[in-house]
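Chain naming follows the written order as A, B and C, and within any one chain the residues start at number 1.
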Amino acid sequence: MRYIPLTPNEKTAMLAAIGVASVDDLFTAIPADVRFKGELNLPAPMGEQPLMAHLKELARQNRPATSAATFLGAGAYNHFIPSAVDQLISRSEFYTSYTPYQPEISQGTLQAIYEWQSYVCSLFNMEVANASMYDGASALAEAALMACRTARKEEIVMSNCIHPRWRQVTRSYTENRGITLKDTADHITGRSEAASLEKLITGDTAAVVVQSPNFFGNVEDLKAIGEMCRAKKVLFIVAVAEAASLGFLAPPGDFGADIVVGEGQSLGIPLSFGGPYAGMFATREKHMRQMPGRLCGRTVDRDGRPGFVLTLSAREQHIRREKATSNICSNQALCALTATIYLTLMGRQGFADMAKNCYYAAAELRRRMRPVHRHPFFNEMLVELNRPAADVNRRLAEQGIIGGYDVSRDYPEMTNKMLLAVTELTAKRDMDRLIEAVGA
Amino acid sequence: MEYPDGLSYTKDHEWALEEEGVVTIGITDYAQSELGDVVFVELPEEGTVIKAGEPFGVVESVKSVSDLYCPVSGEVLEVNHDLEGEPELVNSSCYDAGWMMKIAVSNKKELGELLSAEQYADYIKSLK
Amino acid sequence: MAQQPGARGLVFNEPLIFEHGRKGRKGCDVPKSEFPETDPAATMPPALLRGPVEGLAEVSEPEAVRHFTRLSQWNYGVDSNFYPLGSCTMKYNPKVNEAAARLEGFAGLHPLQDASTAQGALRVMYDLERMLCEVVGMDAASLQPAAGAQGEFAGLLLIRAYHTEKGNPRKKVIIPDSGHGTNPASASLCDYATVTLPSGPDGMIDLALLEKEMDGETAALMLTNPNTLGMFEKNIKKVCDIVHAKGGLVYGDGANLNAVLGKARFGDMGIDVCHMNLHKTFSTPHGGGGPGSGPVLAKKFLEPYMPAPRVTLRDGRYDLDFNRPKSIGALNAFWGNFGVYLRAYAYVLTMGGAGLREASETAVLNANYILAKLRGAYHVPYEGTCMHECVLSDKFQQEHHVSTLDIAKGLIDRGFHPPTIYFPLIVKGAMMIEPTETESVETMDAFIAAMKEIAEVAKSDPESLAAAPVTAKVKRLDETQAARQPDLRYRR
């Protein structure tokens, strides 16, 4: 076995040094009645050559969105990734290291986390961000828990224009804690009005949550909702499922958001069938000690030189145990590094230009399709069809086009509609083919 | 370790000083030394009513966190806001500038149930 | 004395990315759009728009590459040298697994694509679930949990759903005091109170105490086996019987699974539900803190509650089944960290059953070798053979005012990553050493020599250890200042 260096002679010598006769003698602590005696029923070991052939064969059975004409978004987006990103995260000092518990030999990871936290604050216009959560959906769930903890209340008002799966995750995280989630019914108009959210607020409401752009691609009126939240003295949580929009739309922090969460997949992270991605999490300084997840801080060493450490750890499970702000331990560090490198390469202007190109493609698609809603948008939209979305998608698939998301899966009454996403990678000829196929 | 006479102590390592119905509360020299460098103190809002033996706040050092337990019942009159910016006062001056809160005591009898300096010192010895 | 691997390399100073670059410099070329560049103000109020994000870098591609390359050089990875971090299983991360995850057929796959266009990926999931079930003797697995802690959460939710359906979700979870902090934190997340069970004098679960604590309001016992002292719970069957007798379930934390692959299985011990850490036992890289993958596995009677969707195989066709009325629901936006568990799939295929057993046997041999060689120089709080990790303490070195922290920092100067320190909490000044199976005897001998040398220096020159490390990028950092005056982001 090429990953195990010991030779039989070395094993013999080591057993002698330990003072036992055989390896089995080291396992006598396992009682006979629970010892596994047979062979695990697994495929026979494969060398690298047949393994790679097998994996390539499996990969061939998939038709990846990255090599097709694709209009699928709904929480994961096909954006361009500069080559340098993968080259840099493939430095094994980054990817084969553990959580930076020994800061003196983890300064690379730590400084990168600090830069990530700074970037997240800039993107959201918030004051403090953590080192990452599992993904946007679990970040939203943690935000709901944090809001209830901070406000000492047990109700969350949620727009039902939030990604359905994000709402489900939030439910999984909150329902056993006696927290009530109250969903609006805004999907018909495609946007959460401050008034419809306000109607659901009671004295026990901790926070109001909206997503912008929302699941239907519509930009929410964060200003009005933020003002309503302040007037009603509830926390305001904003979720961002398409991080590329942060290069184009005014950030949630501009509208008084108390907690902002996001999915960082669009920032250089491959689609990879749904993960690993990077959950973004930010808040105001006054709520810093209620945050979940790791935080990296800048300090000095004994000689006064700058350096970085994990800090405010007393919030976390390894110290506060059952009273911790979250149970999270491993996060998505390498994905956060990926996004940090991506943002560095794209830079101030490039990120904005990329986002604008997404918008230009969307504006064109909108002119040529029948949009269901008439709200401000970024790169995604719900369009009207003359047949069920599943039928349309089947026809598109025959032409090698990956169609949009069938929203009737989550909103059963929304038939003959499809959620279409474009990015800076959307080619004009592919859009022409889509429109021809849908119209036909 | 110093445990000034005239203060009352709990086995959870808080001290209490009563003056005209107002009890000032902090943590002992032993507690601050066991914690190490204090980095944050979370205290209740003024006006909160707390019962004896209930947690009233939290004190954090770099690698540990401890609940603070209230020695006597009453309403919180004042908390030490200096600790927000200078939590190190708990280390450098635990009986003076590092005090944590003042309570309007609702039942003075509870003070009689606390330990004297001598009893507390014996208790600490018994822990070692 | 043999030469230690630690030596000085060229370490560059490197400022924050925000202190680099010049106005107008860029690290990418965004092509001109093929579509008309219409003014967004035509479709939305200007107040909803933003200009370029202030705070993003303005650097060229070579500057960006050099910046992150230099940062990487300040890190210590498994590929650098020995990384004996206890309970973290820092084994070698095979390179073929990296190549697998980068195949476009996997990396370019959108999670919501029609199942007909993702048959290869779904097969990986389906087959891996079955293979992992075989390894721990369980009947059903879900790959959705993104890390061990989310696996624990999922497992406890299964337990809660089971009890709830029987009429009472129950109130408490019993956790031995040697357990990881994630255990009680996960219990809280499921609204269970934690009952901490003090370990017996032999480091094992105290059966009498367990019997006393276990009642009809206890939902589960959560245990780590082998435990965090590196010892196998010898009464595991009895432990499970005691819990089951009162209608409770047993949760197995798989953090230490690398000790028992092909040697013992959770399912056979009487454990009802467990998670495993693919980023430990199954060789996927830790990535500086993640991403991990923490599949949850359970006996058949808990299968209906598993996270949705489930991967199914019908008539030779793989699919995702969302119609799971009893499911605990969703834990992630999609199907978990596919790119991570794909690596684990490649690992299991590489190793096979015999290879996995050899991995555990070798990991246990290595840990016992280190224990045998360091016994005497360091205090051993719980005697006997260990499993895949051994726990030492600084008791002897404390006589010279040298602590576990000093020993850890001394190891850094000698070219080694320190073990896990100050855990488990029940050992004062604990050092938890887990060598894994992928280390050569020369590497372990060099580590042993460094540890012995440190034990000598602790007597002769304790000040030098108090000053360590001196060869790293920075010296010991002021964690107190970091926590008192948090500086968590760059400000211009």
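In this section, a residue touches a chain if its C-beta (ideal position, glycine included) is under 8 Å from a C-beta of that chain, and two chains touch if they have at least 3 such contacts.
Predicted model, so just to flag it, every value in this text is computed and none were measured.
Set against one another, A-C and A-B show the most C-beta pairs in contact at A-C.
Chain C has the C-alpha centroid lying closest to the overall centroid of all protein C-alpha atoms shown. Look at where the CA atoms of chain B average out and do the same for chain C: the two points lie 38 Å apart. Per-chain CA centroids place chain A at a distance of 19 Å from chain C. If you average the Cα atoms of chain A and of chain B, the two centres end up 43 Å apart.
Shared interface positions of chain B, i.e. residues touching 2 or more other chains, are given as 39-40, 60, 62-63. Listed for chain A are residues 313-314, 319-320, 323, each touching two or more other chains. Within chain C, contacts with two or more other chains are made by residues 479, 483. The part of chain B that touches chain A in the complex is made up of residues 39-40, 42, 60-65. Chain A makes touch with chain B in their complex at residues 289, 313-314, 319-320, 323. Every residue of chain C that touches chain B in the complex is listed here, in rising order: 422, 479-480, 483-484.
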